[in-house]
Amino acid sequence: MEGYVYTVKRQLPPRFAEFVSLAHTVAISIDLHRGHLSEDPDCPCPAPRARDVVEGVNRFHVAARRLGVPVIHVRSTLRAGGVDDVNGVPSAWRITFPLHVGDIPNAGAHALAGSRWTEFVTEVAPGDLIVDGKKRLSAFYPTDLDFLLRNLGAKRVVLTGCMTDCCVLNTAFDASNLGYRVTVLADLVRGTDETLEAAALAMISLHIGVVADSGDLLAEWRRAGAGVRP
Amino acid sequence: MEGYVYTVKRQLPPRFAEFVSLAHTVAISIDLHRGHLSEDPDCPCPAPRARDVVEGVNRFHVAARRLGVPVIHVRSTLRAGGVDDVNGVPSAWRITFPLHVGDIPNAGAHALAGSRWTEFVTEVAPGDLIVDGKKRLSAFYPTDLDFLLRNLGAKRVVLTGCMTDCCVLNTAFDASNLGYRVTVLADLVRGTDETLEAAALAMISLHIGVVADSGDLLAEWRRAGAGVRP
Amino acid sequence: MEGYVYTVKRQLPPRFAEFVSLAHTVAISIDLHRGHLSEDPDCPCPAPRARDVVEGVNRFHVAARRLGVPVIHVRSTLRAGGVDDVNGVPSAWRITFPLHVGDIPNAGAHALAGSRWTEFVTEVAPGDLIVDGKKRLSAFYPTDLDFLLRNLGAKRVVLTGCMTDCCVLNTAFDASNLGYRVTVLADLVRGTDETLEAAALAMISLHIGVVADSGDLLAEWRRAGAGVRP
Amino acid sequence: MEGYVYTVKRQLPPRFAEFVSLAHTVAISIDLHRGHLSEDPDCPCPAPRARDVVEGVNRFHVAARRLGVPVIHVRSTLRAGGVDDVNGVPSAWRITFPLHVGDIPNAGAHALAGSRWTEFVTEVAPGDLIVDGKKRLSAFYPTDLDFLLRNLGAKRVVLTGCMTDCCVLNTAFDASNLGYRVTVLADLVRGTDETLEAAALAMISLHIGVVADSGDLLAEWRRAGAGVRP
């Protein structure tokens, strides 16, 4: 199958079968909730470029479910009251990101449990799994994602969502370190801007795993798996 | 003090004092050992661009020690026999990186405990601390680095070493998630190439912490601390 | 102040001040929910002896809040559908505990998210903190308890709840390993039976921290702190 | 096969086959080094009762290796200089255990890297695996034991060593939480005294896994496996 190496799309050698095999694969969608995607001026942590992937992620999830691939939706949630962040050790992005994008007026409301900002924009089907309580950049921290993947018997993860150059990249690093084979879908992730998005995908392709388009991965799954998941 | 935001050097606002304060700061140097830096053709995981920072890192460490900042040297070590990697779940980079740089003939010898490849190229002073057993990309996994930082009472870490777009970046993500304030020294880290190095530093400056030159940080420490470390 | 050493109540030497100081202390109550305490024959994981501590824990929490000590309530919750346990890698207790107590008819319903079994029996005050998603024996796994304690700046934890010889003991081990000073309140924890409860407290007193009565700890806090929490 | 339930030896039901199967099983020996077992009056952390299991553990390891079961030896090691413990956040046992056993004159030398106290008393064969850097009570903290077990593809662990009521028990809790099936060999572990040893084994049998005699486990392995390890 084809994947991106650095920024060039190429045929991947046979050894990559262990990354893109259908068996024991889990799809993980990162932070596609209103807190990043809302068009409301009060959106507490805007990632507007990622609105473009919502429909594609939904379509990918439909296909994944049909092939028996579990779908996990990860979302950031912080305890109301701020103890986890603004009143504890504040997340670094609150201090650094405004240097680049300017003041974020409603950032204090980001990810607060029970608020509308934690609602998923993507479709969550019955049988999908939710990982709540992502509190920093990695989907693994401090959540039960690794625990869940162990209980699912997962060996491979396929990542979508936002943002490519922070939470997706950090999650890809952690998943790879933990021994999972990682694929990131280039058409279903979005970064801060085109430059950092492309650079993050290049890093992933060099150090972490497969960067591919969702259509190519689904074609590979269908070819190899014929719809049967061991 | 000045730092890089995205790629532009700017004056940082006062709030960044909590990142660059001298107190409770630890310097962490990542993977500056022969396995990456040797000029031997058998070098198992070459990162030749990082040879340029060895002298600068040594000078920074001399200054840090004088100011009472503990210096930690992290290195990759894998059990002889390969159970941790080539005969277990092989590191992803062994499969992905050759797509970009071509075959790495002696990669199987990378980081093997007891081999010369694990010897530090930078100077290790008496009183410095060593974190052995980095086995994947992050200096935190599966090592005792977080345990050590807790016992040191560390609140801030300053990162140097290689490579900016994989191990340094992954370590910066993890340190920030764990609540440490992170500074990465732009002149004392090196990446795969100039493009990915610059992109990784831009990501760090937007999402994780301070990117600065070592001279500026030392000047800030001397100005603020007057050599006294609380 | 007095504490239990093995099974004997004795005056503790001055060095134990660092365990029982009021400052940076957090009270943690473990698994005092309907899933363990309900008198319903359908109770999925009965710990009937622990019903006796509910009132005492409530009183202790009232006093703790007055002294400015944050109160954390930990509870087991498992995803509906069973993927975390009965349909994943089943918890060992499901297999081992019935050898001793006989078949537990409704064990499959234990801790299911959204069920009444996850409701706290103890009083949860506004401002208290909840740690959801304990899924095995330790309150730290796979939860955000350590993350929360870091954000609270906690140095000391005081444990109550059930059961002394499994979840309380496992939590005490983990907290101590992570560097928190641990006190377990002998009158506010209950074990499987008197023998294992006494033995678990003896182990804690020898290897982990302070075992004391709640009245003695509160008296110590009032004496030392005079109600002011640094 | 037979195991102990609470303190009574009984036939275990068929479901326990998943605990005592030979496949994907790893033997883990905990802290059988000179720092605990030496008869020298300077022994920094004496566990004299555990001297009795050294020969039995050696014999068990010989049999395990013949059946293809990897043998892991875990040992405590602390950085020379004391930063990990006496000069950091001192281990709780240093403060609590002397209340019971009296002053331990040379405790400061416990587990110091490079000292004779870290030498194994049990036989370490070529091909055995060593986990260094246990720094508190659990063999998992802050070591790479879980990482190693993942790379070995382990599903089951068999624990021996000392002491039953602290490090063995804490390790058994952690291994079980992480999803490994745990067996503790009653004849090859020793506790602080007979009472706490028996109580710890009872707790393990009720909440964590199988408590059995090594002869019974080896007979089961030979019966089932006929020497072939999948």
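For clarity, chains are labelled A, B, C and D in written order, and residue numbers in each chain start from 1.
By definition in this document, contacts are C-beta pairs under 8 Å (C-beta built on N, C-alpha and C of every residue); 3 or more make two chains touch, one makes a residue touch a chain.
Chain by chain, the UniProt names read as follows: A, B, C, D = Nicotinamidase-related amidase.
Keep in mind the model is a prediction, meaning the values are calculated, not measured.
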Co-neighbours of chain B and chain A - touch as defined: C, D
Chain whose mean Cα position lies farthest from chain B: C
Inter-copy rotation, chain C to chain D, in degrees (Cα atoms; steps of 5): 180
Distance from the mean Cα position of chain D to that of chain C, given in whole angstrom: 26
Averaged-CA centre spacing for the pair chain D and chain B, given as whole angstrom: 35
Gap in Å, rounded to a whole number, between the CA centres of chain C and chain B: 39
Where chain A touches two or more other chains, by residue: 89, 141, 150-151, 178-179
In the complex with chain B, residue positions of chain D that touch it: 79, 81, 83-85, 88-89, 127, 129-130, 132-133, 135, 141-144, 146-148, 150-153
Chain C residues within the chain D interface of the complex: 5-6, 10, 12-13, 15-16, 19, 89, 92-93, 95-97, 99-100, 136-138, 141, 165-166, 169-170, 173-174, 176-179, 181-182, 192, 195-196, 199-200, 202-203, 205-210
Residue ranges of chain C in contact with chain B within the complex: 150-151, 178-179
